[in-house]
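Once you scroll down, you'll see the structures, which are given as structure tokens.
Each of the next two complexes has subunit A plus one more chain, namely subunit B in the first and subunit C in the second.
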Partner chain A sequence: MRLGNIDKTTWIYLGIALALFIVPFILTGRSAQFIMIQIFIFAIFAMSYDLLLGYTGIISFGHVMFFGIGAYSTAIFMDRLDASIGALVLAVAVAVILAAIVSFIVGMLTLRLKSHFYAMLTLGLAGLFLVVAEKWRPLTGGFDGFTFRVPDLLSTSESLYTLSLISLILIFFGLRRFTNSPFGKVLMTIRENEERTESLGYNVLHYKVIASVVSGVVASFAGVLYMLSLRFVDTSVFATDITIDVLLMTIIGGVGTLVGPILGAGLVELAHHWLSGLSDVHWIFERWIILYGTVYILVVIFFPLGIVGTIRKKMAKRTAVQARSIKK
Partner chain B sequence: MDLIITLIINGLATGMLIFLLAAGLTLIFGLMHVLNFAHGGLFIWGAFTGVWVYQLSGSLLLGIGAAIFTGLVLGLITERLIIRPVYGNTMQQILITLGLMLVLQELIKVVYGPDQVAVAPPEYLDGSFLIGDIVLIKYRLFIIAVGLLVFIVISFILKRTKIGLVVRAGVMNKEMVQALGINIQVVFMLVFMAGAALAALSGILHALYSGVIYAEMGLEFSILAFIVVVIGGMGSFKGSLFAAILVGLAQAFMAYYVPFLSLAVNMLLMVIVLIFRPQGLFRGKE
Partner chain C sequence: MAILETNELSITFGGHVAVNTVSIQIPEKKFTSIIGPNGAGKTTFFNLLSGQLSPTGGSIYFKGSEITGLSAMERTRMGIGRSFQITNVFPNLTVLENVRVAVQSEAKVRYQMAAHFLHYKKFLDKAYEILEKVFLTDKAEMLAANLAHGEKRKLEIAMLLALDTEILLLDEPTAGMSLEEVPAIIAVLKQIKEQKDRTIVLIEHKMDMIMDMSDEVLVLYHGELLAKGTPQEIVENEAVQSAYLGGDFHGQST
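Entry: the complex of A and B
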């Protein structure tokens, strides 16, 4: 590939990515770096969600189950085998395969039906995973969970920062390539008009299932990283709250943009941090979910495109106006 | 034999509770094609408000009245502010009602506090009849009776009166019904309010059944309601009664004989239905 073929936005994204590598030298505090790591991890998770919601038009209310699968595989392998890179690679492999199998089955069951079914089935299934994690005490430690050690190489905050940033960059460009490919275009036509895509001769189910599998695999990888940063697992990695967080990130940032979810992850994580700090000031801030929910409802009604989507639409309009005035 | 009868009664009571919750959901979906993910929120609001009034006044009837009133008011507000802007856009409907669910659940904690609330049925419904060796718990019989009553009344309204006719016609062709001089927006609003009131009613009844209520209960139970709606066929009223009783019985029997499976039995039922009859048991092919 010649460098000249890369378009301007790619250069901008690459520039921002490079700038982010310098951040740990400026923000040396552990807690600040921890927040950045969380943002990267949730950005990966939110992008996987965007692939479903934004590109294919599938609503999942149980996306957290893939995240949890990744998290528990990592935790269990680190705990039962040893805290080595080899065990981690094995854990990633298991997480990815498990997530692929589960998302394939869920997809085959419900994606031939209307969108309601996928939303409902995933919500129920995630609940089932939560119950299993609670009851299967010998393996999962039940509600209390357990702590574990991570490979020495990844034990410093800086190395973890680098790992999650590299993962974020690779997954972002990978998914960008994926959604810009002919395959991704078909996904978008499915989102716009499913019947029509089908009548053009595409096997809609086939495309939707693949999208759901890719999304599940990426989400489980986010779960792996999450565990490396937390070094502690409990049933909360299957909680619906996480699905809702990631839904917020995607919607607020802008569905179907990939950059939007990253931005959304940043905003939501920072808001989390800031608002939970405010709970000492006034008890109402303990109930910040109300604020979240309200913002979310307003965004769905008034800015269904999210931040990035709205900006892009405005820019597109402006260039169209400019083009018209030049013509005159 | 006695055991089996007891289990059947338990199953029927649980089934009827689930039916009451699913009835509102299926009514709204079947008539208006809106899948209301905030249904569980209306359910807990009915439970908490109903219990609050019941404990203050000591009268169950007042409590039930308060729950239904809460359901109607919340239904009105929800339809006006949340659902109306997004009619016809399935994806936005699903997303927005989930957001509302969150807000309703957190508001419960603001208004009634974050703790669990314990509650017991009134004296005349507490205790049980003894027929031979069979124990019939009064409150469970009461729930079964209410469930059947609601089923009969709503089926009658849908089938025999003009209201059902208008709503069904309104979904098929909104403009046509409007052209005939019927304000379809008001009709839709009333349907939504009725569905919300049903959710609230099942909330207060369930509160007295389980003896304890908490805010997160809403989401847990809406999952159950979704399962029932899928098994019975989306929007089929008869189907949801049948499926609710099926789920109730399966739960009661599994909890006794195979406790480990009882957690998963509902999901298993739903998965089986989705594989072999995805449109649900009581619905023709779409």
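Entry: the complex of A and C
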């Protein structure tokens, strides 16, 4: 690839990415860096969710199960083998393969049916994983979970920051390529009109299942990173709250874009942090779900396209107006 | 030789027989028109041919082999393409993307995930070529949702052309277009006809257009095949005239 071929937006994204590498030198506090790491991880997770919701039009209520698969694979390998890079690589491989198998099976079972079947089966399976994690005490520590060590190389906040950021950048550009490929465009036509896509000669089921697998694999990787940052696992990594979180991140940021979920992850994570600080002030700030419900309703009413979607639409309108005035 | 053939094809919607034991042969590389009053079952008949609906009776043959049980996707891949009467484009994709996705399918570029679509310059070129044919070049970057009705109809036709199938089933391509826009579409159809390598089946109400272009005309009436013949034979056919209430089928525009 010649440098001249790279478009302007890519340069902007690369610029922002580089700037983010400098942040740890400015924000030296561990807790600030921790929040940034969480944002990066959930940005990855939310992008994977948007691949389903925004690009392909598939609704999942149990996306957290892939996150949890990544989380438990990492925790168990770190605990049972050793806290080495080798064990981590093995954990990633197992997480990715498991997530791929599960998302493939769920996809094949439900994606030829009406869309709510996928939503319901993922919800049910996520619940099943949660129960298994609770009951399989010898391996998972049950409800209480367990702590573990991570490879020395990744034990500092700075190194984890760097790893998460590099992962985010690679996955962002990878998914951007993917959604801009001939394949990715077909995902969008499926979102727009499934029957018409079929009548153009595309096997819609194949596309949806592949989208489901890519999304599941990316989500499981987010789960791996999450564990490296927490060094503690419990059954909450399978909780539906997390699915609702990423749903909110995606919708606030803007469905059908990749930048949207990243921004959404930033906003929601910051809000989490800020609101939990306020819980001393009033109990209502501990009740996420009330606040979430409110924010969610407001966003859907006032920004149905999310932040990025709304900006894009404004810009598209402006260019359309400009084009018209030039013609005159 | 017939490229497409139906044998006693029927479909019933909860007691209402929309297509009733219709047996026809569509001759290869010819221009066949289907006429009939609104509600006669023309669109439903197309839905059966293209696989959008499954018949409740009868069978369909393409080049002699039975395709009755095949999906719409399989039939498109075999070479039966169609356009829709009720515009059926992808609203939140640009006009160019709409056409490109159809070109891509024709070129069998289906599962390429790693290369940016801009690398497939020949598809873009082909898509632009087709947009030029239907006079949509200056709308290429517009979202399909923002097109005027007539322009959406043109895009619908462009997507069919992009599929480049042996058979083109066109369901009222000029319906709802402004009068100035119609000649462009007729020109496109004529051009395809003159290439003599495609089979065209056209549902239309505009009789002058049908008289001018058709090799053969089929008349559907209450789901049944009422008559078939050359345009001249059809105009003179008494059953057809009485079906249209005394020959009043010039200037039908709906």
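One rule holds for everything that comes next: the second predicted complex is superposed on the first by the 325 of 328 C-alpha atoms of A that agree within 3 Å, B and C clash if a C-alpha of one lies under 4 Å from a C-alpha of the other, contacts with A are read in each partner's own complex, and residues count from 1 in each chain.
One rule holds in what follows: a contact is a pair of C-beta atoms (placed from the backbone, for glycine too) under 8 Å apart; a residue touches a chain by one contact, two chains touch by 3 or more.
Bear in mind the structure is a predicted one, so any value in this text is a computation, not a measurement.
Visitor: Which partner does A:Asn193 reach: the first (subunit B), the second (subunit C), both, or neither?
Guide: second
Visitor: Look at the residues of subunit A and decide whether subunit B or subunit C touches more of them.
Guide: Of subunit B and subunit C, more residues of subunit A lie in contact with B.
Visitor: Regarding the shared-chain residue A:Pro138, is it in contact with subunit B (first), subunit C (second), both, or neither?
Guide: The answer is neither, since A:Pro138 touches no partner chain.
Visitor: Could you tell me if A:Leu109 is touching subunit B, subunit C, both of them or neither one (first, second, both, neither)?
Guide: In the superposition, A:Leu109 contacts subunit B only.
Visitor: Touch test for A:Thr294: subunit B only (first), subunit C only (second), both, or neither?
Guide: Once the two structures are laid over each other on A, A:Thr294 reaches subunit B alone.
Visitor: Could you pull out which subunit A residues touch subunit C in their complex?
Guide: These residues of subunit A touch subunit C: 177-178, 180-186, 188-189, 192-193, 195-204, 206, 210, 256, 316, 320.
Visitor: Could you please specify the touching residues of subunit A with respect to subunit B in the complex?
Guide: The touching residues are 57, 59, 61, 109-110, 112-117, 119-121, 123-125, 127-128, 131-132, 135, 240, 244, 247, 251, 284, 287, 289-290, 292-294, 296-297, 300-301, 304.
Visitor: State the interface residues of subunit C toward subunit A in the complex, per the touch definition above.
Guide: By the definition above, subunit C touches subunit A via 50-52, 71-73, 76-77, 82, 84, 88-93, 97, 100-102, 104-106, 109-118, 120, 123, 142-143, 146, 159, 163.
Visitor: Within their complex, state which residues of subunit B touch subunit A.
Guide: Listed in rising order, the residues are 35, 37, 82, 85-86, 90-92, 94-96, 98-100, 102-103, 105-107, 109-110, 219-220, 223, 226-227, 229-230, 234, 260, 263-264, 266-267, 270-271, 274-275, 278.
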